[in-house]
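Could you have a look at this structure, given as structure tokens, before my questions?
Chain naming follows the written order as A, B, C and D, and within any one chain the residues start at number 1.
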Amino acid sequence: DGPALVFDLGGKFDRSFNEAAFNGAQRWAEETGGEYREIELQSDAQREQALRRLAEAGSNPVVMAGFAFGSVLDTIAPDYPETTFVIIDSVVDQPNVQSIIFQEHEGSFLVGMLAGMASETGVVGFVGGMDIPLISRFGCGYAQGVVAANPDATVIANMTGTTPAAWNDPVRGGELTRGQIAQGADVVYAAAGGTGVGVLQTAADEGILSIGVDSNQNGIHPGQVLTSMLKRVDVAVYNAFTAGDEIETGVTVLGLAEDGVGYALDENNAELITPEMQEAVDAAREQIIAGEIVVHNFSDDGTCPVAMQ
Amino acid sequence: MTQASPAIELKGISKAFGPVQANKDISISVQPGTIHGIVGENGAGKSTLMSILYGFYKADAGEIFINGKLTPIPDSQAAISAGIGMVHQHFKLVENFTVVENVILGAEDGAMLQPSIAKARKLLTELAEEYGLNVDPDAVVEELSVGHQQRVEILKQLYRKADILILDEPTGVLTPAEADQLFRILGRLKEEGKTIILITHKLREIMEVTDTVSVMRRGQMTATVKTAETSPPELAEMMVGRKVLLRVDKKPANPGATILKVDDLKVRDGKGVERLKGISFHIRAGEILGIAGVAGNGQTELLEVLGGMRPAQSGTVILNNDQIDLTGKHSNGQTRRNRGIAHVPEDRQQEGLIMPYEAWENIAFGYHHDPKYQRNRLLMNNTAIRADTMAKMERYDVRPPNPRLPARNFSGGNQQKLVVAREMERNPDLLLIGQPTRGVDIGAIEFIHQQIIALRDQGKAILLVSVELDEILGLSDRIAVMFDGHFMGERLPDETDERELGLMMAGMTKGAA
Amino acid sequence: MDKMPKWADVILIPLISVILALLVSGLVVLYIGESPVEAMQIMVRGAMGSAYGWGYTLFYATNFIFTGLAVAVAFHARMFNIGGEGQAALGGLGVAIVCLSVPWPHWSLALLVACGAAAIFGAAWAAIPAYLQAKRGSHIVITTIMFNFIASALLVYLLVNVFRVPGSMAPETARFADAVHLPNAADIAPWLGFRSSTPLNISFLLALLACFLVWMLIWRTRLGYEIRAFGHSETAAVYAGINPVRIIMIAMLISGGLAGLMATNSVMGEAERLVIDNVQGAGFVGIAVALMGRSHPVGVFLAAILFGVLYQGGAELEFEMPAVSREMIVVIQALVILFTGALDNMVRMPMEKLFLSLRRRDRADSPAE
Amino acid sequence: MDFLTILQILDSTVRLATPLLLACLAGLYSERAGIFDIGLEGKMLAAAFFSAAVAFTSGNVWVGLVAGIAASCVLSGIHGLASITFRGNQLISGVAINFLAAGMTVVIAQTWFQQGGRTPPLQGAARFQEITLPFADAMANVPIIGPIYSELISGHSILVYMALAIVPLTWWILFRTRFGLRLRAVGENPAAVDTAGISVMGARYAAVMICGVLCGLAGAYLATSLAAGFVKDMSAGRGFIALAALIFAKWRPWYALYACLLFGLLDAVGNRYQNIELVGVTIPVQFMQALPYILTVVILAGFVGKAIPPRAGGEPYVKER
């Protein structure tokens, strides 16, 4: 009875990925008046524990946010054939699992283009949380977008760290941003969880533009956040909750075409995005959807066609 | 003003440490301008009583009167303001501070240090002249000899203008010359009208300097007498509860083959300072070689090198006609023990014992590889060690004879007996023994001396290092005096005296004197 | 003479301390508007009320036993090994390499070799700090902190670039083959009601064995005797002919090895693959466990169980009481550490007085003495 | 590497070193007085949260600073209670404080702001702004000195200048005042202090409270100056690095400054040069990220001798056993 949501270790209020999932669930709850269960993990061992508990408690579907659930889900899904599981960011090949994959590189490509066009110095930055494939996918799509808009542009990429602290270190995020500014960057894109707060803050302090990630972060510093790369985890969760028992299994790929990813445009950044920029980006969006532009996915082969510094 | 009231009067003082009743209903009174001695066995409660007077411990019951006035002393601050100063048995100095810093600590004049330091420096020079208490005000305490450290303790009290001075076993670590000087100072202070309480295990000192003496036993004050009206044997009996032999009784030596031969031994310490500058000597079986000297002239290093605790830079050491490795991997306490060298170190608490270890663990200490202590190749045989410990404790009269008691819960004398028991029972060819009776009460001293003589009579070679000239003269068959890493010369005990040895210890030869 | 009977010292005082900690935790629960009594019930029931709960409680405890023993052994040699985190991570690497590189015919063989690898990798990670401490006097606290960071960097690199399954998003190794699946509590003792999904596995027995071996080592062998002697007094150790360098190295290698062994439980027994940050703070919890257990294997065992209870009970509490967040659980853990570990004299001092006065009264009543 | 890059790296060094320095000096007071403190991390974190939370609600960063200091001092007080009054194990107490701060900050943040354990972002007067020193702009064009003054020396938050000033102040207090003498003595030999008629407890509590104040500054600098608000666990291990710096500095104030600057520098360089190619081989980012830690170990092993802590450190002062 009722759907359930399991957040990843970052916690439900990470202002990006998990929070987006949470928002989707909240929207469903408000709109339908339904109730759902949620679990925040404390340790890796609780992944399996949480999934099993929810399945046994009769929650359906059980939605989980994060690739790290992949391996666990693969083993436990057969134990609960009556339950449908929805996993975001990973593919699990089981009959009762819906796997949702986002084309982050496509969305990142668009915000990369905006960055390339907005940049006056021709240097833009990227701050990632940890050097893991998911983050590289963001970075690589972004770099391709930048270069598409401005072939001479340079992309500086930095990673925050290698410990879990990497996702919660706004001070280091700020410091990396300053370093990028010193190297000429005037737009910086953060894909680093709580660390991103520091990136956006420093960008605002230093008077350059920043780009948020996952949720719409334009409002954090109105007029100073160029845009946000939207990853509609909220929509995915909302849809899964709404579908309820009738949810389809299999792999769902959410890209630009499905509006699963995109860039945020609202009153906070309306003045930053000129009509020409918007036009160019929207055109690129159409071309990507039409297959005329192929954005290389870092995860395909672990390489990126555009060099970052 | 009425008739002079006692400078100090304690009434009904009791103090328990957990289950141990250290002081039981003690009353005592000390007249101003006198030196009052307190004697008693180890653990009798002397230090505790004085620490209560000094506010270091709080008494469970009892009252303190200073100059006739009831004076509660809840902490040392109160004692200091009442004019009491105390030199503790274990010095209370901050070792890596300079002398002045130690002196002004707690008696600074204001929030800034400089004025206090300047003032203290001046006063120290004055005090140095007045009492002959010379110490470099800027020397770091840990680099001073114990004798000088004690001067610092006394200077601390003089700086605070204490009228009542308590000294807890002040001469335990002093050379006779230093002790003499201390007593001269105490005499001067007494003349100035100060009141002095002196705790010591050395009855000779009691007889020489005190006016009255109190005896403590098992937490109680058993007697207070005028010094002039008593004698050492009487005091000893009051302390221990039986007659004590105050002199070492021994047969003439009967030396055999040479056991140890040391040739041109040179040693540098960790800082590269040369501590032994070419020492040569030998010891034969059935002989005690006593080494006299002011602490810090290389005796410690000599014992440590022979005991395998530190490497030597050059020289040879031959034990039973076999050369001993002085450097490298195989030069350590284990290999020395295997070669038949036993070692009672100078510092029982830092070296000879592991204080939290129980008695039986300490009895195995250093000999834990002994096959009879092993159950099999991996495990130690604790039952065997405990049985062995029990036997040794009985033979050496260690009290309480409980192998499960941690070493720190034994009194100093009994701790020493544990170490002595462990080393002597090994039946070594050569026994190294440093400061065998430091801080130990007369009953235990008697016992330890007897054991050393007995071992000699079994035909063992013994190297004795002690700062107590009495002990050196009483035990040794030959005496060597060490000064600044050299041997100043050798004497036979009955052909020399304290005066001559004292001069040699100061680096002067007979001819020069 | 002791001030208190032994049972009071080892049972009564810790018990009162835990109760105090829970009382204060109750206040915090009250502050966020929930019922402390109910929370308490959920925690206890969740952790100890069922085979399911025990399955997790003991699983966590297994981790903490290993890391706690690791810290304890180093403590006996007077060294503060903060590096359990990194050493355990490296142990995981060793286990993963063993499990992935050979098609093991049977789990028992794999476990044997994996234990060796876990211990060797963990020990190797402790070896450099140990060597620097022994030979150069570099403070072991700094070097082990640094090695924690270096370990995490190394693992991220290896998991992303070397071990990651091609095409997978997750920076983790492939799942280990079924053949190396360790028997879990349900396989071993199904009659106790364990479910097949319980993470509690045979490494718990390894942990118990480790407790016993560490106890033997420290209190029954010459080496342990020397380690403790060195820990109490270095000068005395030198007097006895104990080589400080040797003791520092051996104690730290054993410590690192024990920390590494944690991976047999978390990596081989539970996750069955190596993930990023597989230690998850167990190295740090190990410090608390060792300190609270007074570096004695029995104490470490009990403290590890207590922390297992807090972890599992806390998880249940969080599942069942939406208002209780995971940080709330951290607060409760902190209070337990504080009261049982750091503030225990607050309880002990008055208790000692009480027992002493009781004994005095006994004595007064019986004038026979 | 051009001059400007060096300046920028040094500038970053100063910012990164400041929280380390404040925490390191905090630890210095405490440990010099014989109270080991591995709870620096927790105190910083608590101060970070309370300074940000109160700065946000009051709109005044100074009020926030006071709150941060107060929070840190409360934890210090707990540490003091456990390790001084109740003679507990100082390491356990420190561990407990780290856990307590990590949990408590988020729990309270969540109840107060409902933003998932974060404070709302700080703006304007709720944040320490960068201070431009006099003539910074005018001097900017003077060669060499100009950029050094305007880029590196000028333009930091007031807390940075405070931290730098606290170094000589600490030296002066420790070695030139009565208070310092007593504080050092109590960490070396509390019995000596006791018999000199000084309260051991008093001196140790004073040291522990100063430690609280300085950790408070460190935390406030993180949350209200470098960042603009609190994020859970935002101290990110800096308390432990500060501890390492303290041992590195052998418990001496000037060396503490050098050690923290060194750690800051290594960190800044590691941040700046993450993607390096050497003879055609790309060095992994992770290696560059680990480099500061590797270098620390190398420096420690190669150049810094044995660090001898205050002798009574870590041991509760027990008169009667």
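The working rule: contacts are C-beta pairs under 8 Å (C-beta built on N, C-alpha and C of every residue); 3 or more make two chains touch, one makes a residue touch a chain.
By chain, with names taken from UniProt: B = ABC transporter ATP-binding protein; C, D = ABC transporter permease.
Note that this is a predicted model, so its numbers are computed, not measured.
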*If you tally contacts for every chain pair, which pair is highest?*
C-D
*How many Å are there between the centre of chain C and the centre of chain D, using C-alpha atoms for each centre?*
29
*Per the centroid of Cα atoms for each chain, what is the distance between chain B and chain C, given in Å?*
45
*State, to the nearest whole Å, the distance from the C-alpha centre of chain A to the C-alpha centre of chain C.*
36
*Measuring from the mean C-alpha position of chain A to the mean C-alpha position of chain D, what distance in angstrom results?*
34
*Give the residues of chain B that touch two or more other chains, as numbers and ranges in rising order.*
18
*Name the residues of chain D that each touch 2 or more other chains.*
117, 232, 237, 284, 286, 289-290
_Can you list every residue of chain C that touches 2 or more other chains, as numbers and ranges?_
149, 153, 156-157, 325, 329
*Provide the full list of chain pairs in touch.*
A-C, A-D, B-C, B-D, C-D
_Looking at the complex, which residues from chain C come into contact with chain D?_
28, 31-32, 80, 82, 128-129, 132, 136-139, 141-143, 145-147, 149-150, 153-154, 156-157, 161, 284, 287-288, 291-292, 325, 327-335, 337-338, 341-346, 349
*chain D - residues contacting chain C, complex*: 78, 81-83, 86-93, 95-100, 102-107, 110-111, 117, 232, 237, 240-241, 243-244, 247-248, 284, 286-287, 289-290, 293-294, 296-297, 300-301, 304-307
*For chain B, which residues count as touching chain D in their complex?*
17-18, 54, 56-57, 75-77, 79-81, 86, 88, 92-97, 101-102, 104-108, 110-114, 116, 156
*Complex contacts: residues of chain D adjacent to chain A*: 4-5, 8, 12, 15-16, 19, 115-118, 121, 222, 226-229, 231-234, 236-237, 268, 271-272, 274-275, 284-286, 289-290
*Using the touch definition up top, name the residues of chain C that touch chain A in the complex.*
56, 59-60, 149, 152-153, 155-157, 160, 164, 166-172, 175, 197, 199, 266, 270-273, 275-278, 280-281, 311, 314-315, 318-319, 322, 325-326, 329
